[in-house]
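Next come two complexes built around chain A: one with chain B, the other with chain C.
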Partner chain A sequence: MILMEHVPIILIALPIIFGALTIFFRSRSALQKALNIGVFSFLLLLSMVLLFHVWENGILVYEVGQWGKYGILLVADLLGAGMVVLSSLISLMAMIYATDYMDRKALDSTFFPLFNLMVAGLNGIFLTGDIFNMFVFFEVLVLSSCGLIVLTGRGDHTKMADKLEAIFKYLILNMVSIILMLVAIASLYATVGTLNMADIAVRIAFLADAQALPWHIHVIAMMFIVVFGYKAALFPLHFWLADVHPSAPAPIHAMLSGMVIKVGVYGILRVHYLMFSDALFMLQPILIFLSLITIAVGATSAIGQYDLKRLLAYSSVSQIGYVLLGVGMGTAYALTAAIVYLVNHAIAKSMLFLATGETLYHAGTKDMRKMGGFASSAPFLCTIFLIGSMSIAGLPPAGGFFAKFLLFDAGLSAQFYIPIAIALIFAIFTLFYLFRTWLTIFWGGVKSQKSGRSHTRNPTPAIKFALSMLACVVIFIGVYPEPLIVLSNTIAGQLLDPQPYITAVLERGVR
Partner chain B sequence: MTTLIARTVSKACLPIIILFSVSLLLAGHDNPGGGFIGGVMFATAVSLMYVVFGLNYIEALYNNNWDKWFGIGLLVASLTGIGAMLFGYNFLRSMSIYATLPLVGSTKIISTTFFDIGVYLVVIGGLLYIFKSMGEDK
Partner chain C sequence: MNHMILAITIAMLFGIGTFMILRKDMIRVAIGITILSHATNLLIVSSGAFLGDKVPIITDQNAGSSSGFIFTDDLSQGILAPIVSNGAQAIYVDPLVQALTLTAIVISLATTAFLLILCYRVYQEHGTTDLSEIRRLKG
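Here is the complex of A and B:
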């Protein structure tokens, strides 16, 4: 089918075109909302078509500009296409939510263009087959998300000065990590002479077979761990997240914590499992060690928080540790578990953040100690928050149960007894801090000292729709996880044996 | 307030810088130059005016929404890519023809130029939008 092969580029080009178009419709809010929800629904549909196509027909390779064998490629394999489906789902829901949540001023100025560009950056990272292009899309993602963090929504009680401070940290520290990535890419290019990821994998494997692998390949692999670990908030590099993410308005917070930190996990899965498979034996213990500390630090920091958004941000740090634990264990079963965990955490956490935004609007404050008894005034939010907490904590009817079960089972079957024991202890911490939060906010007596800014209005239909769709997906994963597990298992198989990817990229017919 | 010398010299420089930036833009696909560097040069010319004459004075003469330039540029650049798809090629596939134009003579017309013009406008719009918002007191 001729149109099918253009789908990867459309997934990137369409948000860019609409990012440009929405600049011209700035003052026309109704048109903007309809247009953007339409575009994001179309992107979700398109990404699902792409995933089914890749599942049926194998990896899809697209040459941008038709420069022949050495041009820039987009490669849609199961991992990339699956991540695009996930990000399209979350961005659609965040967009539907944001149309009612964001301030009029934000909607009229930069929200829609920047959101479109951010989605273009995400899709580009997941679909590119070229390491330098991945760097470029990282930049697109970072710059557009910076602009989005300063915008304000109605449940957003962060002062502008705090936001600007957070942006400054985010921007400067991200630039450091991105320069590190550039140095790593440059050293890699100087060593193997290509930027195509499949080609790099072949050449590194060739050098390793000839016993001529230069020692600095290992250093480059470490540098990529630092870069992606920074994105994913791995332990020594997690410090920025709890300042930056809570400053963002709820839909952007959901995108950042739901999708953008998963970009780091995706990068490790893609770059290290494809290109540096010879250095993995050295990196895996480091990853396991750091992810365990990440779990511990995130969970213990979350317990001490009374600011709801900060608590959930630390919870994200802790949960990303579980995903990276699965990535670090590195067996096919553990990778399957890590991917299931990633998908579940992305959906459940973004749902929880969206619900949080509405809860904070309802409460008129962001201090948990001043909230209480919202179960009677906001029963819908109470239910959504409960489903989200159950999923993150890993209780059965929600998707998190299977994610945690698979991860621990994978660890035990690969004989990682001590890491799994530590992870299990901090899983109980997760259960504790999430349910303590839920009980504090929604149960108990109604606190009388409302600051006069509280809003009793129930969520609007658009917000209810977005939240209940995400809740349905979470419950669906929990009740019928079979398709997700089969898909993740296939992805894990492809990651551990990258030969089909390399063959699809390097031995295709040149048009 | 800047001196008379600065004002006179920058007035004289403005058309030269802008012409040079356009020549860089049009040379981009074969020679050193291109949309990005041309756009940066154009933006420096305009920001020179902002610095020398002051934001308010320039805005009274010619008030511009630079973000519109950004949007138009992004649209032009991405539609160049889509345009190649309409002809049955892949995104951003470039195409060139030789044509005889009046005044210029035989010229190579290449679709990359349109992409470069898009980049040019994006760079001008982005840089000057940031520059102007930094200069305004809000």
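Here is the complex of A and C:
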């Protein structure tokens, strides 16, 4: 049981240490692959153990250096631990997929260290209880994902010049958003004199009770909305996503669209629902309004695309709008729906992106108009793509149905009739563009002239394993969503009543 | 007076940085990012610089008398900052902001190095540093 306390720090430290160690095995490719898959499986196991532990025994707080609330604390509550399980699952599958997908040169040199650092950054963001520490892990995440986007894989038809342009955009915009985050953190620290999120929450609540809440707390809350909205590709800040994500190789694309944009949603859930709950009344209408525009812009942009990866990237923009709609509505039911939607979209979308990378390799082009009739030559990819599309579009046997159903039901029960009507219209758009894509690629006559060669390009066992595992999870969520809904409901309850979180963090003694 | 000069300096640095990242030359954008991060560092330091005038190092003979009010923050008395004494408010300079700035400087060093190498690689691939000519990807 004494080991259990150290699990949060192991989840962060192990990928960092291993990211450094794995460089020494670069000349021994098979060993490196086996070790990394072993470590990531261990991380998945550990994160699930952590989630069960938190579910059974309440919030787990780990002190890095026994300074109580004045030092850095790692806090594993249900939301954080759940997100870590999600990211571990997706990163393990992306890693297994990548061992066969990435170019040999990229795989042996930089892929594994950077991927480890990226996972460490994600786990750090989800587990930290300190707002400045969150900023540090944001930087770890950004720099490692920049390095991963340049790598090349076998179904990757993006030129190096385009990748560098995309990274330049990504890095500059990320730096600006992160500088904004730092300004917000500095202003917050100057106002309340602490960086611990639970402590900040107590002090802001104290100021609000004394009717002495300074007006610039609202400004700081909005700055955090900009920062996290940029991460999550909220409407006025969504333009970079369609350039950056399609430039990445498929496993990294799956991680970026599956997990990294969810970091923004996590940030809004954590920072605004914990710390700025007194300023939320002003932010919720803004969030609802912007997320509706995000849904509309993403869906309409996706319809006009012929580049498969770019279409799915715009689809991500649209789908993250649905998640933020649930976050913006802010009732317990809506938050439950938003978390279910987030989990389902993360798994189904990363599966769809992994399948897309393999489809593009099979096709030898990224233009959808040149594809057709792959159902006979690649029946496996056809099935996976269908399951993914059904889940994203919200058709019953897959997990997306419950996500959409809960979200719309939550909206109707909270009497947000007009936002739900708009969201429903664009859900039909989603159905249209995803199934048009599926029909174009997999049905119809064979169009490609080079098809003599492309028939031999079939998925390897590792790729098939990763895709079918994710497909199983998607179907499982669709057929038996009860555990996920109960978990999300508990998380939503904790978000709306953060007192257990605050108590667990602040009862620490000082050395 | 010092507050005002510092505030104006930070504001001007933010203005210059914002102006620079709106230029078309890639290197100027990189310089703009650097100026912005330095402005942020100054902002962080300024949030704790003028609260007290003593160095926040407690030596041996003072440690006994100081330990009583180090880490006292009492919400019921409206005391927010962690390091304040009972009678004389905030005699020590806040050490945490300097640690934060150090972290931010190290991070901005790493990102600036990465950014400059990226600029060089983009120049190699595209043959120009003019951002208006580098637009193969359409958002």
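Criterion: the second predicted complex is superposed on the first by the 499 of 511 C-alpha atoms of A that agree within 3 Å, B and C clash if a C-alpha of one lies under 4 Å from a C-alpha of the other, contacts with A are read in each partner's own complex, and residues count from 1 in each chain.
Please note the rule applied: contacts are C-beta pairs under 8 Å (C-beta built on N, C-alpha and C of every residue); 3 or more make two chains touch, one makes a residue touch a chain.
What you are looking at is a predicted structure, and each value in this text was computed from that prediction instead of being measured.
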* Which term applies to chain B and chain C once both are placed on chain A by superposition, clash or fit? -> fit
* To do: Go through the superposed model and pick first if A:A30 touches only chain B, second if only chain C, both, or neither.
  => neither
* To do: Determine how wide the angle is at the CA centre of chain A between the CA centres of chain C and chain B, giving a multiple of 10 degrees.
  => 40
* May I ask you to decide whether A:H6 touches chain B, chain C, both, or neither, giving the answer as first, second, both or neither? => first
* Have a look and say if chain B or chain C is in touch with more residues of chain A. => C
* Between chain B (first) and chain C (second), which does A:G65 come into contact with in this model arrangement: first, second, both, or neither? -> first
* If you've got the overlay open, could you tell me the nearest Cα approach between chain B and chain C in whole angstrom? => 5
* Structure fact -> Per the touch rule above, chain A residues touching chain B in the complex are 6, 9, 13, 16-17, 19-21, 23-24, 62-66, 113, 511
* Asked: Mind pulling up the chain B residues that touch chain A in the complex?
  -> 67-68, 70-75, 78-79, 81-82, 85, 89-94
* Which positions of chain A touch chain C when the two form their complex? -> 68, 70, 132, 136, 139, 143, 146, 160-162, 164-169, 171-172, 175-176, 179, 182-183, 186-187, 189-190, 192-195, 202-203, 206, 210, 239-240, 242-243, 247, 510
* chain C to chain A touching residues, read off their complex -> 21, 26, 29, 33, 36-37, 40, 43-44, 47-48, 71, 73, 75, 78, 80-82, 96-97, 100, 103-104, 107, 110-111, 114-115, 118-119, 121-122, 125-126, 134-139
